[in-house]
């Protein structure tokens, strides 16, 4: 088990390294170098040249990459161009807001999605199942930023039930939660659909397995078969799905933060673009990527810990 | 039982004519609904010039922020442009990007998937690592990073969508190819002396392409959403051009007093994504019910 | 006493291409303390028969006629879900074909064996003790330790032994074994057969043993039933049927088994023709299209004709076929 | 040419890698030997059956002979030429001469191809499309006793027996000299088994084929094979003429396999050699004679010393204490 966990985390390190190389290659390959991008069209060639050497862009490519890679390992993602503060600090300042948003979205999707999926599987083919099915597909289909804008329009602008902008007063948990409801729902509602469908499908698949037939042939009560024999297996893919989903949720969070004018990484990057604050953009991309990769590794490790088949094959 | 059912079946082609499939789609309420929406969206995009009474970029400062009326079915925006005609033309861009990006990612995904699945082990591992790395960037973050360098453009949107979609298709094709690689019919072909090209083209590709086409059709609404989203952020289509995302952005800025602009921008996105999704779901159920599990 | 008495049982499946008549007027009896074998080729309805007895028919299947009497009283066809569940696992236990998939992969063997005893008032410890005793009976070495293990930690043969232990745990009066040895290698197969025979005598239950392997039936069973295309065409004692088969299908089936040939034959016997389409069942005898005795009489469905003792066959020509070897 | 057997395999070994880099670093065994030093010859027109329980390496051996599975060491000579020395073109022409049938009758046919395309494929692969393909397809269908209109069916529309016939037709399409058949009757009902065996026997006689049959069904062996070889943990324990082995198995494992066959006679008294315990893992091969952990006749020397291969009559076997000829299954051992 420990061996599996180490192996999986090791793989994550490799994936992040490759992702960094790709990010670096992207910066390098695309015409228009970061220095002139940062300085804007009015910069003189001398200014660009000065910044280039300050950013190390005049070095050979592999030196640049090694520097980029190893300073990132140390947590040094460069200096923010406008204020001169370390990028990592700027990003970490915004990270908690985004994490809260994603945690909220995951809560919605788990708390609503798993029970809905179970109900649909148990009542398969019935009216309830069909309604849940159609609603799941519908919320998956509609993009989260459209949901964000429309829920803002309806609940905050027209009905004025919930606050429209910001993350709430610092230190006031109630106000912060209130501000979290709409944006996290906008991100999470699609995932309620995903989870419900996934749980339904994997419940149905598990219920067809021959060991369930054995359990029935031994006269076990249907409730025990459903909840302790089938759900235990059917729940496993949900964890993988949520792990993968975190990436999409980070994307959705960008929209939610802009629509609801919440602080967060998405908003940080969006604003950095308009002033061509390139180090902030790369830094934020790296931090979210690492976050996503680590979350996925943990999702896999949790599954391994819950599934005796995987657990013992590595012990 | 099932064995018996097969034994006495009259010879039948696996893919029957379009007719019965069409009937089965229409028989499902959702499928029929999806099909109608898709037909409307495609039709209005194709004939946008004919249907719309104003050019989509025509400014008329006198008519700024006009609510819906007979002259302007969906009202006008902050520059007095007719929203109905902007919505119709925006549909063109949305569909063009969706089809183009999906097609390109499919082609790339199938090619890389076959290489990874059938090629040498080291190449497979390398490609998997690349796929994982690409997949580990949150899509919008990657788009933001790219656009910072290139400036907003449709091409950038296209590139991001293809880049993030290829790994998904490639992985599915790879897994299927790996399974088929050791399947008995492929071993049989190898034992007859069939070459790699023949095995891939005759014995593997036809067996993996069906599911991936259906999955791709279900990705069309996702691409529509990405294009609209990036345009909403001002990273996609450049301003005068109509795009649903751009209309939404125009409306969002004025959401407190001119709600109809966000309605005009958002409703087509909702109808299009719902239409394609419902149709895709029904298609999948009709063609290959097993796929449902892989979702 | 008759433990299981199936009378006139017919089962239909509704499929996209029409109604499929899976079982037609099936009659069979499992007497107390006997092992009854069911033999037949694929598509003969063996699995449908078991699922009907267990009340586990697929949703598109339905009993259209007949009754299934268990221990002379409860009609399993009309028993409600709770009544059926009270019998399953307690009075009627089952061992399935696939030892790999029959056990829940994420629960320990001990937990699964404890769950089967959920109706008993015993303490957890006592339940485990019973499980251990049963595992010992099926010759699992070191059962105390193995109770905590998960199914994937056992070999295929061991899993099938565990499945048998689970089935016999509640001392059922009927054990249904659905091809329990088909997925196993020959040496494991005979070990399981000998084990089953042993345990049946110890526990004193009846066994309904489904197999397509004639040798296994001959070795294990007291009585046997031959099925073809959803009908029981012949039943009687194993000895009667192997030595004096009266239905033309039974004769042909026995002749086909290469195990009967003690030397190399230039031409092996076969049964020409194919199974009839069960969605469009022929009127009359089910075997008429492949039978050399077919005449006008066969256009009508034959009744079950006694041919001596408990030996019964569903053939108009049971008188003619005696002695003649196919 | 005349003295050289059609197929001569000697000391063949096939290994599989298991586990990854980490287990290798941890010093764990990372290879298993699925075929561990097998040698045999197959004469023209002869049929050899490979018999053994699952995991005994019989399928791997067959695939190695056909080059589908690379051999780790040893030699395979076909028509006097070493397979390892073949060029790509050589391999291709070899595949015309050796054709292979796989276990699953339906699964070994490409699901999206019609029977016509399936039967035409060997001609297409070997660039023989000049012949009238339709005529060839009809000839092949007739050869295996299927009606002409089967050409337009797809594999999923065939029953197991019909699919097997299509497989046979494809295997003989290019007039091979050797057919390797992996479990040709597995999963088929007994009445269909007979049809397939009759077909294979008659084609063999008519076309002068050699056959290598892999099966776990001993009755099939008796009806089709001139010689048989019994495999255990990737090695031959006994090899010889089929009838002789059936009459008097010399290796205890062979005897146990033969006695483990329930016969369709309720009055038969079985004197079985019961094998205790499970088949050992290939990762943990027993010392000495690898069968000693399950052998009812094992003595001290069996655990300590590897028995040499010895010739006894027409058979070869590896056993310290071969059973006496004529006494079959002499001892009955209780399973406990």
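As written, the chains take the letters A, B, C and D, and residue 1 is the first residue of each chain.
Assume a contact is a pair of C-beta atoms (placed from the backbone, for glycine too) under 8 Å apart; a residue touches a chain by one contact, two chains touch by 3 or more.
No experiment lies behind these values; they were computed from the predicted model shown.
Contact with chain A and chain D alike is made by B, C. A count of contacting C-beta pairs for B-D and for A-B identifies A-B as the more extensively joined pair. Here the CA centre of chain B is 50 Å from the CA centre of chain D.
Mean C-alpha positions place chain A and chain B at a centre distance of 22 Å. Centre-to-centre, using mean CA coordinates, chain A is 53 Å away from chain C.
Put simply, the C-alpha centre of chain C and that of chain D have 32 angstrom between them. Residue positions of chain D touching 2 or more other chains, listed in rising order: 159-160. Residues of chain B found to touch two or more other chains are 3, 7, 9. Multi-chain contact residues, meaning those touching two or more other chains, do not occur anywhere in chain A. Across the interface of their complex, chain A is touched by residues 30, 129-130, 132-142, 144-150, 221, 225, 228-229, 232-233, 235, 248, 251-252, 255-256, 259, 262, 266, 269-270, 273-274, 276-278, 281, 292-293, 295 of chain B.
Residue ranges of chain D in contact with chain C, taken from their complex: 53-54, 159-160, 189-195, 197-198, 201, 216, 218-220, 222-223, 242-243, 256-257, 260-268, 270, 272, 274-275, 278, 335-336.
Within the complex formed with chain B, the residues of chain D that make contact are 63, 66, 68, 91-92, 94-96, 98-104, 107-113, 121-122, 125-126, 149, 152-154, 156-160, 167, 170.
Against chain D, the residues of chain C that register as touching in their complex are 41-42, 139, 155, 157-158, 185-187, 189-191, 193-195, 212-220, 238-239, 242-243, 252-254, 256-261, 263-271, 274. Chain A contributes residues 209-222, 224, 228-229, 232-233, 306-309, 312 to its touches with chain C in the complex.
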